[in-house]
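Two complexes, one shared chain (chain A), two partners (chain B, chain C).
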Partner chain A sequence: MNPHAKLICTLSLITGSTITISSNHWVMAWTGLEINTLAIIPLISKSHHPRAVEASIKYFLVQAAASALLLFSSMSNAWTTGQWDITQLTNPTSCLLLTAAIAIKLGLAPFHFWFPEVLQGTSLTTALLLSTVMKFPPMTILFMTSSSLNPTMLTTLALISATLGGWMGLNQTQTRKILAFSSISHMGWMAVIIIYDPKLSILTFYLYVLMTAAVFLSLNTTKTLKLSTMMTSWTKTPVLNATLMLALLSLAGLPPLTGFMPKWLILQELTKQEMTVTAVIISMLSLLGLFFYLRLAYYATITLPPNSANHMKQWHINKHTNPMTAILTSLSTTLLPLSPMMLTSI
Partner chain B sequence: MSLLHLCFYSAFTLSGLGLAFHRTHFISALLCLESMMLSLYVALSIWPIQTQTPSFTLIPVLMLAFSACEAGTGLAMLVSSTRTHGSDHLHNLNLLQC
Partner chain C sequence: MALTVTLLSSAFIHSRCCRHRVLYPFLGPLLTDSVSKLYSSYRRPGSLPEKTPSWQKFDFSFKKGVDVLKTQLGLLKKETKDHLIGPEGRPLNEYMLEQTRVVWVFRSQEDLNKWVISSDVEIGGKSEVYLKLGRNNQAALLYGTLNTEVPRDGETKYSGYCSMRSKPLVGSFAKKKYYDWSNFNSLYLRVRGDGRPWMVNISTDPYFSHHKDDLYNYFMFTRGGPYWEEIKIPFSKFFLSSRGRIQDDQHPLWLDKISTLGFTLGDKVDGPFQLEIDFIGLINDRAHTEEFAYETYERNPRV
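Presenting the complex of A and B:
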């Protein structure tokens, strides 16, 4: 891809996200989302492969329909109340339509079917962009409108996406699809708390971005696209594979690592709100996710396959690794002791 | 609900349903998206007339500009799908299914 075109696309991505997160008017929020969608499409389809083209077509159709639905919901709100302010969404029908539009944008179940397919069609770096940067503007819209949304609908969406994200990830062998389903189930954890404690939901999103960026950058160093490649990637970068295991377990939410913090705080807040049943169900559903994270971690470090290897050997190359990988991995494994400070400062 | 509301609400809903359920050609999906955008344009341009807020009259033009960009991107992807998949049938896009 031409570096100038890449620069323009990246700058437009930053501009679109900034416009959406700083906007107060529905049309400006919609404009930012449109700029974001139009800027990521060349990045998705930059390798002119049929899979990349298919991913970009699916992404475009879904995101354009969701943006139109978002503008329609705010417009029907303006026709009844005369307000274009994002925080003043009061019409119940508009709230339902907005929840559906944001769920399509974020990939919350039952609107999640586009997300694993689009991730599978792109490169690992674009997949990282799609699952972190592209989810930030819809997340901020959800944050700003969180006081007027319907709690029953959001809790249902959250439970369904935690279930489907864990369940459908069990059957996958491609790392990008597994990470896509992990993203869907994390979106469920964020959506379940957004009504009761929006700041905690944003904290969960930040930590999710941190951990998933660490995992994607580690996988990108060894170009690991499927589990069978992962089995031999320890010959390439042994230390990176050990830290990748820690980052994956942190994403699963095991206690001494960072990923435990959002789950802990969300379960505490749900119990405070007397939603014990929801808390129990969603913590049980995270076990489904734990299974495939453990399988990834197992393949990454612990085992050699007992049979003779029937795939291509990987060569140990002294390739320069990205220093961001080290920073993100150490942050995503060791931040748990700082949780009181992060909770009060956010 | 007045006749005006009924007109653009039903236009938006019908084209949205067309986009969701009529999945044969990519070009028809693009046309449905465009008619969703046009019904939004009509609604956005009637809103300042009804509420007499002339400062809002720039917004529909902005929206139309963005929807034109979107349609341009859609047509570019129509061309690229014809070059890679041989046609614009949506059921040819089955390489990435789970």
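Presenting the complex of A and C:
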């Protein structure tokens, strides 16, 4: 991509995110979201492949509709209450509309259908941006309005997301779609706790970003777009293959890896709120994802494929390995002992 | 649908007798004297005239509805069970370790029913194409006569094509399903042709309508002898075309979402043709390392 265009897109992404997370007025929050949407469109369609163009159109339509719904909810709140403050969202209809708008933005089920397709159509780096940076402003809006949101609706969205994220991720053969469904499942976990403990939801988000970035950067190093490539990547990068598996298991929430921490804390908080049934259901649903990741880890690391790697990109690694891969992978597997610190701060 | 058509046509008729001033701006288009339909009435020369309106073709039989519902629920149950087993209903280790797969094999009429044949008759041409099982039900025989005579409708310039295309996969409740060929890198065909050059077309059925005519094509040159040929076509060789025009901006075929495969004959030679196909499969050719055969140079090099 033209370096000037890339710079403008990147700066616009940072600007849009900053505007949204630091805004008090609904129109500024909406402006930031729109800037983000527009800035990422050229990055998604960078390769001009028909699938990338399709992904960018889908992304634009979905996000524009969600932004319009968000603006409508804020307008209806302003109509009834006379003010545009984000933290003063009091009209019940506005709250419902806002929840729906943010659910569409985040890819919470049942508004998740666009997410795997968009992620599949983009490169791994852009998919990383879509899964992490683009989710940050809507999460912030949820955090700021958490006291006004409908608990029943959020719990329902969360349980459906966890179900669909686990169920649909079971038989995926493309790594980007696997991570898309893992993202949907994680958003479900974040949505279930946002009302009762918003800070825990933000902690979950930060750890999710950490683990997802580790996985995406590892996949980007070996250009692993499908499972068969993952199986033969041990010939070139055996250690990276092993750490990638650990990072995926951390995403699935297996102790003693980092990913277990947010799940444990969320289950603890749900139990404190006397939502034990919800806690049991959501933990059972995360077993679906865990099953798949364990099966994948078994076939990718323990099974020796009867063939060598003939995937060209695995023999020629043109760019140097990003040092952040090592740092993020280490953090995504070893942060569980920090849990006592988290327990005291949230 | 029927109600809408009746309402619109009756609105036009009644508008002449009662014109409310309030509704005038809204009924403007209906109050004109010109008659316009909801759909075009142009009919291609090869197609049959439609005498029954579309809303009269529905069969409101309750028993048929219940049967269809039972069939679809059965399909849904099977899909759920297959989902638990692994990708496309097979265990994951089979998916991970496979190196060849037979996708279409022609041994019975049921296998032939998965394909659709067409020719230039649909634009008014005179080619003929037929599909039947070959000797001893061991292959499919696609045969017919190509005729390049142009239909005299004033707008068609070229004619003379015959094709065979696979039907897209359909799941329960008419959901679209796709083939996932990402484990493989070549198409493997066992055919016995007659020396004519065929074109293999792969369609990925994109989501938006501006890509709906996108096809990935490559040529299959048959030998014509009494011996069977095994032709391997790597997917890296397929080039992108849209409505028959090769695109300037070429992109490799993505194998994770394939909808249909087809064979077309359009070599501008009048006369009979014949193609026998034993099976169509996929192979992961370990010796083939090419990612994409076209446009691999850097298009905006740094000076």
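Definition applied: the second predicted complex is superposed on the first by the 326 of 346 C-alpha atoms of A that agree within 3 Å, B and C clash if a C-alpha of one lies under 4 Å from a C-alpha of the other, contacts with A are read in each partner's own complex, and residues count from 1 in each chain.
Here is the rule we go by: contacts are C-beta pairs under 8 Å (C-beta built on N, C-alpha and C of every residue); 3 or more make two chains touch, one makes a residue touch a chain.
Note that the structure is a prediction, hence the values are computed from the model and not measured.
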Notebook entry, point to check: Where does A:A158 make contact in the superposed view: on chain B (first), on chain C (second), on both, or on neither?
Noted result: neither
Notebook entry, point to check: If you stack the two complexes on chain A, which partner ends up touching A:E54: first (chain B), second (chain C), both, or neither?
Noted result: both
Check: Which partner does A:Q120 contact after superposing on A: first (chain B), second (chain C), both, neither?
Finding: both
Next item on the list: May I ask you to decide whether A:F72 touches chain B, chain C, both, or neither, giving the answer as first, second, both or neither?
Entry: first
Margin query: Applying the document's definition of touch, where does A:I184 land relative to chain B and chain C: first, second, both, or neither?
Written below: neither
Note to self: Under the stated touch criterion, which partner chain does A:L170 make contact with: chain B (first), chain C (second), both, or neither?
What the structure shows: second
Next item on the list: Using the touch definition from the top, say if A:Y299 reaches chain B (first), chain C (second), both or neither.
Entry: second
Next item on the list: Please work out whether A:S45 is in contact with chain B alone, chain C alone, both, or neither, and reply first, second, both or neither.
Entry: first
Notebook entry, point to check: For chain A, what residues appear in both contact lists, the one with chain B and the one with chain C?
Noted result: 48-51, 53-54, 57-58, 117, 120, 171-172
Check: Which bits of chain C are touching chain A when the two form their complex?
Finding: 83-84, 86-88, 92-93, 95-97, 99, 180, 182-183, 204, 206-208, 211, 214, 240, 249, 251-252, 254, 256, 284, 286-289, 291, 300
Note to self: Show me the residue ranges of chain A that touch chain C in the complex, using the header's touch definition.
What the structure shows: 2, 47-51, 53-54, 57-58, 117, 120, 167, 170-174, 225-228, 231, 295-296, 299, 303, 305-308, 310, 312-313
Margin query: Considering only the defined contacts, which chain A positions touch chain B in the complex?
Written below: 27, 30-31, 34, 37-38, 41, 45, 48-51, 53-58, 60-61, 64-65, 68-69, 71-72, 75-76, 78-79, 82, 116-118, 120-121, 168, 171-172, 177
Notebook entry, point to check: What residues on chain B touch chain A, complex-wise?
Noted result: 5, 9, 12, 16, 19-20, 26, 29, 33, 36-37, 40, 43-44, 47, 51, 59, 62-63, 66, 69-70, 73-74, 77, 80-81, 84-85, 93, 95-98
